[in-house]
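The next part holds the structures, each set out as structure tokens.
Both of the next two complexes hold chain A, though its partner changes from chain B to chain C.
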Partner chain A sequence: MPLADNPEILRPPIGFAVRITREEAIDPAKQRERLPGLLQFVRTFAGKLLKEEFGTTIEGYPEAARGKTDELRVRLRDQDAASAPARQLLTVLSDLMEVEIEHQEASPENDPAEQEDFHDAILTFIQRLLDRFAEYAAATDHLPKVGKEAKRGGAEFAKAAARLAL
Partner chain B sequence: MIHMMTATVDPAALDLIDRLADLDHVRSVCLLGSTARGDAEPGSDIDLLAVVDARRHVKDVRSRALRVLGVRKVQTKVLDEARLAEILGGRSTFAVHVLREAVIVHDEGHRFARLRAQHSPDAPVRADPAALRRRLELYGDLDWCQGLYLYSLADCYSIGRAAAYALLGQRGNFEFSAGKALARVAEEWSDLRPAAERIARLRPFFVLADRDVRGPLPFPYRDRRPEAEAAVRAAHKLIGALEHDAARR
Partner chain C sequence: MTDPDETRRAELVALVHADYDATRSMIDGVVRTSIALRGLGVTLTLALLGYAVAHSSFALGLLALASTWLFLYLDAFHGWLYDEARRRARSVEHVLRLRYQQLERGDEDPDARRDLDRALAAHRFGQYLTLPRFRWRLLLRARPRAVYVLVYGSLTGLAIAAAAYGALT
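Let's look at the complex of A and B:
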């Protein structure tokens, strides 16, 4: 069953980015503390996307999920030359999973410098995920609404990242 | 350089440690967790702590550490000596676990052993309930999970387990096995029993999410919002008790 064309799936992360962009005064440290919510979104989104669009179930996360995502990407490359948008989307998901693996291996106590790097990387990758998903959706005929929302989300993330970097 | 009895440790794990110890700038390697305690189950993670001489080498060593051994996941924490000293001085649950249970397998110049000897293994844990509360804040809005509650259930287990370790540890009762710690909390605080038991039941979700090992689940994780909400409440309850206990100290 393909992914439903329902923009609600992207509501939480885009809402997060919009709040950062619109709030008059923001505390970057506080916003970064809230970033784990985005990781939860990535897991959920990856789970739904892989199962409903590609018939691949992931449960173990992030290592096992990354392995399955990479296998799927290779399979698509070998089977379908026109699968470039899907493969690029899977590459971003795999990169996000790799960032999480590295973070899990980081200091067990919060090391401020590592946390900062991690949070900046997550914002960048989620923006890329939304952009690539918009491209993937545009290459299909069943995701017009959610694809459009992803495009808007990518732009909101770019603005939010710029504001947090100030 | 083997400093302690490692006869009960899987030889493959020892080989892994030898390879880690051979890397440039690695000064000490210890076993942590269930493998260190000798109560590892088949498929349990292998938890290692590698100490390097300087912070600038942490990332390089981390990138070279193996992540799997057969079907077992290998979690290697890499710290520089200065950061380790800071952590041990903070007396977090992790610090006290290292002080009490780390099995030293490789230790150039006894540097780790000397550092460890500067701290009492018996002083109480200095808990940080606010950090656990922040982790749980995420599940204040379960809409983020979009009906897939596997990772929220797994995280509630992880947070609740950490609260149980800290609750016991700040009273000077040290238990770093999750099942035993949660059972002990249930025994010692009758008002926490339902919460501790609920958290303990979530372990299969944690094992599935963390290790991709599927055992019998107490309930399906899709579209079970009431169970996900109850798990969040149970974790809140344990953190609340931890806050209350910490404030009295």
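Let's look at the complex of A and C:
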């Protein structure tokens, strides 16, 4: 069953970005602390996307999911060039899973440099996820609304990321 | 024809590899020294403690305390060096991972080459050139913290007890 064409699925990152861009005065450091919350969205989104678009069920997250995502990407290589947007989308999902794995393995103490890298990685990869999902959706014929929302979200997220850059 | 950008990139990655080897050597050396110091420190301090208790000596108890703190300082200094090298290793591995991804993913990741170029540009070459100047407060970053608390905390407690026993008997 393909993914439903419901833009609600992208509400967490787009809502986050819109709040950042609309607020007149924000505390970037405080807002950046909320970024790890978006990894929960990635987890749900990845599970749904992989299951409904690619028929791949993920069980362990993030380690096993990352392995399955990369396996799927390599399998898609054997198909025609039309799978390119899907493979590009899967690389960024794999990156986001890797960010979560690394964060689990990082030093338990709050290291400011590691925290900053972690937040930067989330900003970069969520932006890419929205952009690449918009490209993937545009290449399919069943996700017009979600694709449009992802494109809008990518633009909003880019503005929010610029505001949050320390 | 060879892409000149790719040739330059490959050469830079080779230099990052050299940096990684230097970092690994530093970690190996620091860990070896740290373990040797800890073993020596515990042996010496326990010997002093045993002597202090056997002879009810306040002075030897104090000496055991001083020995504990001296070895704590030396061990923590190496722990700080280890932490610096560990951070460095992570940052170098990050660059190498981006190279791996660029090669493995090819066109599947349109941002891979740019990410690698950015990381190569931001990379600060040289394990020792990038080592910060030592300051006392940097000892707080020494790792593994639990070992210091357990080993040197116990030795400090025992040394205080031995000194008190020596003073009272």
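As a working rule, the second predicted complex is superposed on the first by the 163 of 166 C-alpha atoms of A that agree within 3 Å, B and C clash if a C-alpha of one lies under 4 Å from a C-alpha of the other, contacts with A are read in each partner's own complex, and residues count from 1 in each chain.
The working rule: a residue touches a chain if its C-beta (ideal position, glycine included) is under 8 Å from a C-beta of that chain, and two chains touch if they have at least 3 such contacts.
Computed from a prediction, not measured in an experiment: that's the story for all the values here.
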Clash or fit: how do chain B and chain C relate after the overlay on chain A? clash
State whether A:Pro7 touches chain B only (first), chain C only (second), both chains, or neither. neither
Counting only touches as set out at the top, which of chain B and chain C does A:Arg73 meet: first, second, both, neither? second
Which of the two partners, first being chain B and second being chain C, lies in contact with A:Gln88: first, second, both, or neither? second
So, A:Ile101: does it touch chain B (first), chain C (second), both, or neither? first
Dominant toucher of chain A (residue count), chain B or chain C: B
A:Tyr61 in the overlay: touching chain B, chain C, both, or neither? Say first, second, both or neither. first
In the superposed arrangement, what residues of chain A touch both chain B and chain C? 107
Under the touch definition given earlier, write down the residues of chain C that touch chain A in their complex. 87, 101, 105, 107-112, 143
Spell out the part of chain B that touches chain A in their complex, as residue ranges. 62, 65, 67-68, 73, 75-79, 83, 87, 90, 92, 94, 131, 134-135, 137-138, 141, 143-146, 148, 150-152, 208-214
Spell out the part of chain A that touches chain B in their complex, as residue ranges. 9, 11-12, 33-34, 36-37, 40-41, 43-45, 47-48, 59-61, 63-64, 101-102, 104-111
Can you list the chain A residues touching chain C in their complex? 73, 77, 84, 87-88, 90-92, 107, 113, 128
